[in-house]
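Structures for review follow.
In what comes next, subunit A is part of two complexes: it sits with subunit B in the first one and with subunit C in the second one.
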Partner chain A sequence: MEKTASKKKFKIDWKEVKRQRFLLIVSAFFVAYGIVFYYLPLTGWLMAFENFKPRLGLLGSPFIGLDKFKFLFSDVAFLRVIRNTFCMGVLNLATTTVMAILFAILLNEIGNKFLKKSIQTISYLPHFLSWIVVVGILHNSLSSSGIINDLLLRFGVVDQAINFLAHPEYFWFIVAFANVWKETGWNAIIYLASITSIDPSLYEAASIDGADRLQKIKYITLPGIKPTIIILLIMNVGNILNVGFEVQYLLGNGLVQSVSQTIDIYVLKWGISQNDFSLGTAAGIFKSVVSIMLIVLCNHLAKKAGEEKLF
Partner chain B sequence: MKNRRIRSSLGDKIFKFLIAIFMIVFVLVTLYPVVNTLVLSFNDGTDAVRGGIYLWPRKFTLKNYSTVLALENLSIGAYITVARTILGTLISLGLNALLAFVVSRKRFMFKSQLSLFWVITMYVNGGLVPTFILYRNLNLTNSFWVYVIPGLISAWNMLVIRTYMQGIPDSLEESAQLDGAGYFTIFTRIISPLCKPVYATIALFAAVYHWNSWFDAMLYNRMKTEYTTLQYELMKLLSSVMQQGGSADTAKFGSGQVTPVVIRASATIVTMAPIICLYPFLQRYFVAGLTIGGVKE
Partner chain C sequence: MKRRFISMFLVSAMAASMMMGCGSAAGNDSTGSGASGSGDAASGDVTEFSYFITMPGSEINSDNEIQQVIAEKTGVKVKETWLTGQSAEEAVGTLVAGGEYPDYLCTDDMTTLLDAGALIPLDEYIDAYPEFKNEWYTEAEWEKFRQPDGHIYWINQFENTHGDSKKTTHNDEAFWIQNKVLKWANYPKLETMDDYFDLIERYIAENPTMEDGTEYIGYTILCEDWRYFCLENAGQFLGGYPNDGSVIVNKDTMTIEDYNTSDDTIKYFKKLNEEYQKGIVDPESFTQTYDEYIAKLSTGRVLGMVDQWWDFQENVNGAFKTQGLDEAGCNYIPLGLTTEAGMDNRWHTYDDTVNCANGIAISVDCADPEKAFKFIVDTCMDQELIDLRVWGLEGVDYLVDDQGLYYRTDEMRMNAADTTYKASHLCPYSYFLSWGGTSFDGKNAMRVDEQPSEFMNGMATPLKETFDAYGVTTYPDFIGSVVEANGPWFPMYSYSNGFTTATPGGVAWTKMGECKHEWLPKVVMADDFEKGWADYMDAYNACKPEDFLSEMQAILDTFK
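What follows is the complex of A and B.
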């Protein structure tokens, strides 16, 4: 599509077209693939505004306007789901970012190369495990006979084993911990790379001025990686509503349902399991629109603060 | 002056001590659950139910593994998972590399439009329900190909490869062209051999994705046990145990020596073993790849 449009605008250099024919043919394939798998589903957004019946098709189903959205925002369950998604997203982002930065800075302070390398290798390990495995491990550790209760009982913190996964008040923190456990080492890679690129002469100058290690971290390392931190925060804030489907789905149970369900689970429940395609799509649109607004907003704030921006 | 130096070195000592504590706790918290699962998988089932097994099996046995490896669905899942990992990784690497090659050609007339076309897909997508309906209309559901065909191109992976390719001097392309090479030859013979490190990175990302995915199996092939995946089978195994709370399905595994606790543990080890064994050797590739992607985003 783009191709014909720009061909009309500019004069066509046929020689160049012939020379680039391989690139053009390949591009046509990639555009076709992209349209089918990424752009075509967008037309499905129309479903949210109609009472969609697969039998009648996208164009034949009756149009109902904003009814599905009205239903969504009057549904207590949906409002709760928004709250859960948002709170878990913010909590996850805050804890994983802080831990990754802390880990990267402290690891960088280790002088012994072999030790540093070994710890780093170990730190990547959980990233390569699937959420299924992580949740299985979590279940084992948190069960009444698991290691956590074992330790708590042994040190006399509690008198009776706690069934952590049955208490709604723990759920968000368990999810945040699971994310920290899985991704700290992986997320630290970029911060470590960013620390390495800080000019070593800054540290030397600080040493001559008598700065200790803590001061060097505060006045050189942290300001040095600030642009990286901000860029990653912007990128991740746009993803806040995407944080959390697998772990909540796998870890959730009837007892903690009120705090465990996220927008994605809501979409799955109504859109796929209950076959209410229109409602599921409407909830999905809400999520996409809010995500894009968050990205634009953060980008704008970063620009205003004079920091690097994403686009 | 002297005083100051002593004080600061004491501060440094405390600081070093705190770092050591932090790292020890970090390593323990990271490794213990994995080691404990490994240990449980080698322990006798009825004995494991008593609890108190930490870092070494109390009653060693290989029976758990022979039971797990004999589960029919798990071996089907393993077969499908290996197939999708190999096929999915190879095809998607080839296509992402080709797309990156196209958009990184400086003289290509639509390079920025084509890049934008793909970058948009990173931020806007139809969502679960429209995607589900599309796959159903394309007859991709209830088939093996739903694992491979839809996710072939990832804009993020493409951008990482593109950034790497942009670092290769143009003169190589130009001299090849003078020798009469077309773009296809330049891609396969000149550029790709130089991109081996970034290809390794992307292949690793794709392989891990395929190896660990379960949601597509649940969503699109729930009815088709012949297209089940390893992780989905593990999930069914784990959730049946979680919900019934323990010994209920012991009977399923026949003899009393094999209990759900150890079956879970050994199935978990089976699914994670290949990746755990491989990743330390591929470290420098993914570190490099992430850094390229992060810096030049």
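What follows is the complex of A and C.
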């Protein structure tokens, strides 16, 4: 028995299968789930290479090759939405990550347990609000008669109300701000958890060596959570192009559309509204491919720098 | 062993719930349609149909009283669903992508549904009701609805006059102004945009705030999504053309012209730009949503705007009435302004506008199209049902005098304006075929607001005074449009609404819309109008409007 097992190192024999049958059954469901919900829908990508008509169906529609991609990359509007998506993605990722780390560290420095817990609870509550509510609040507070203009006017910072949402140059920052407001508390949770796992003896040793608070943060806390930061960054980079749809869709208007529209909105507009499913799919494919490339690239860079990596 | 059993059980339970998860949606659906099918089998039961309309509307309660009465009489109850939070195109696109349709459908974009194979041809049903067929449309009008494949798939539900026209409202676009402003200036005659804005400026200079201290807004513009017609197309009217919507038709040469670049339009935007700099145009115009716009109008602080009557009156006039603002002179009066004084104007459409791009259709998923179609016919051919839809219950919502004329008491009028009452009691089925004009017995109006007694008595005192001061009896009289028959192509927007991106013209049309959405507000806000307009024109011409115009010309040529 022993002998055969070691000889056929990679062959899994029947007995082994039997022993692990429950695990296998369980994983079979997940594999099936993955196939049905993640891989089968990919057949829809065929649409991008056809002049798809719902009446003719996926197999009956005429094949047109790369025409839709050609249209896509010759459309100035599409190039603009790529820029918007990418810039907003990077801006959001940078601001939310920095704010979350900063917040986690600050929260960790609070000595009073009750205060710490309450601040944490309050700060992650906005995460559970839906975007439509957040956008409603934003829309009201940023309007000419909203609270922000009210404050600015009262403190004499400006002498005329600023119509924030009518200025294209503010839009990306408003979106980034909304993201920070909504997600900082939530994102901080994971960093907080990783801070608590740092060995307290390190802090003690540092104290004995005469390190002050800032130094402790700089030399112990930050390096301690570095692996977490890198892993989260890699995972989030893949999501850069998923910068969102709701905020930009709900907050945008005609005036700022050249900076507000993202790839998702473009897909919705051409795919669903204009009924050009093929073009929408082509834009979607582009987005997925770029996302995969980004994540591979980032992973590779992390590997090179000798850091944690995802795969 | 026990533990193993438990894990087995959990796994199978999980698997089962997953299966259920996928299956349940379909399961529910089949029971839904099954119920409507079986309801039909046992006659006397009520069949429930669903109806999706790609317009915002107010839903009525599920235990609505008049809906129940209609259901008892016809055996049909219709659950209407309205557009919420999406644009009409998105809603239709989502339906097509999903492939499941409600029983009835109505949208501006019927061709998309037709292309997707979502609709059933109605010809044989229409032929089965000859009386209806002759009454509702003329042969030529039916032909307008015939699609390239030779079938008729939808019937427009609006703007059909029976007998004598009793039109009292201006159900179209206009420059509107609150009647108290007119009264303040002693009812002047306003003919041009200069007159209009001059009056608003003078009024605001003297009365900067309302009684409660809220500042007046001189003029606001709604630009959200498809409703940006409030900004976009006034140029065609100012030039004296009727509402072809997407283009101007030059009748003499039978050519299509582009109003986006016409001199009238340039003058219009120049004026708006000027007023924006003066602070008369609401700076929030370009970022407000429709809801915010309606809320703003409802406070009575907006003195004027361009809009279509149907786009604001229901919500705004109701709010005025409940707040007593109608007695303060807030109701809006339409004005038929033109670029130069003394020009003919065509803001008001006297004919029925047969919009063949839009209508009520029955979907392929309808379990009983025969019954569904019969209901469409019944609700517009049976005077009793029409009265129920339009007026309500006799004795409760209206009374009948000895000559057989319907009328309402003040309390009934208040009720009819009250949203809670409307939801629980009234059931207008407003997107089923609706008549204007005179009832089948020739006595009453088909619409409450067209009944002379209701129209005059329903008016607040200041509004009545304004009518008297100008010596008019109906809203269209204020406009004073030229009375003439429109060409058979009218309105051209019924064709451009059906454009898809499958043709270069359709692509151009989409891009033009996008460009205008962005640039028109910029033009109005520009510090230097000439430069702003030139930049706009660069962006506009890059959309290749000529592709769109030539396709519209080809359509017009078929009427030569």
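The rule is short, and it goes like this: the second predicted complex is superposed on the first by the 274 of 311 C-alpha atoms of A that agree within 3 Å, B and C clash if a C-alpha of one lies under 4 Å from a C-alpha of the other, contacts with A are read in each partner's own complex, and residues count from 1 in each chain.
FYI, contacts are C-beta pairs under 8 Å (C-beta built on N, C-alpha and C of every residue); 3 or more make two chains touch, one makes a residue touch a chain.
The structure displayed is predicted, hence computed values, not measured ones.
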item	value
Subunit B versus subunit C as contact partner of A:33, first or second or both or neither	both
Contacts of A:231 with subunit B and subunit C, given as first, second, both or neither	first
Partner chain in contact with A:22 - subunit B first, subunit C second, else both or neither	both
First, second, both or neither for A:208, with subunit B first and subunit C second	neither
Subunit B versus subunit C as contact partner of A:59, first or second or both or neither	neither
Superposed model, subunit A: greater residue contact from subunit B or subunit C	B
Touched partner set for A:271, first subunit B, second subunit C, both or neither	both
Which superposed partner A:163 touches (first subunit B, second subunit C, both, neither)	second
Touched partner set for A:126, first subunit B, second subunit C, both or neither	first
First, second, both or neither for A:281, with subunit B first and subunit C second	first
Touching both subunit B and subunit C, residues of subunit A	22, 26, 33, 54, 132, 139, 253, 268, 271-272, 277
Sites on subunit A touched by subunit B in the complex	2-3, 6, 16-17, 20, 22-24, 26-27, 30-31, 33-34, 36-45, 47, 54, 103, 106-107, 109-110, 119, 121-126, 128-133, 135-137, 139-141, 145, 147, 150, 181, 184-185, 189-190, 193, 210, 212-214, 228, 231-232, 235, 238, 246, 250, 253, 264, 267-268, 271-272, 277, 280-281, 284-285, 287-288, 291-292, 295, 310
Partner subunit A, residues of subunit C touching it in the complex	4, 7-8, 11, 14-15, 18, 85, 87, 89-90, 92-94, 96-97, 99, 112, 115-117, 223-224, 228, 283-284, 286-287, 289, 500-502, 510-511, 514, 517-518, 520-522, 525
Contact footprint of subunit C on subunit A as seen in their complex	22, 25-26, 29, 33, 53-55, 77, 132, 139, 143-144, 161, 163, 165-166, 253-255, 257-258, 268, 270-277, 279
For the subunit B and subunit A complex, residues of the former touching the latter	4, 8, 11-12, 15-16, 19, 22-23, 26-27, 29-34, 36-37, 40, 51, 54, 95, 98-99, 102, 105, 107-110, 113-114, 117-118, 121, 123-134, 138, 150, 152-153, 182-184, 208, 211-215, 219, 231, 234-235, 238-239, 242-243, 264-265, 268, 271-272, 275-276, 279-280, 283, 286-287, 290-291, 294-295, 297
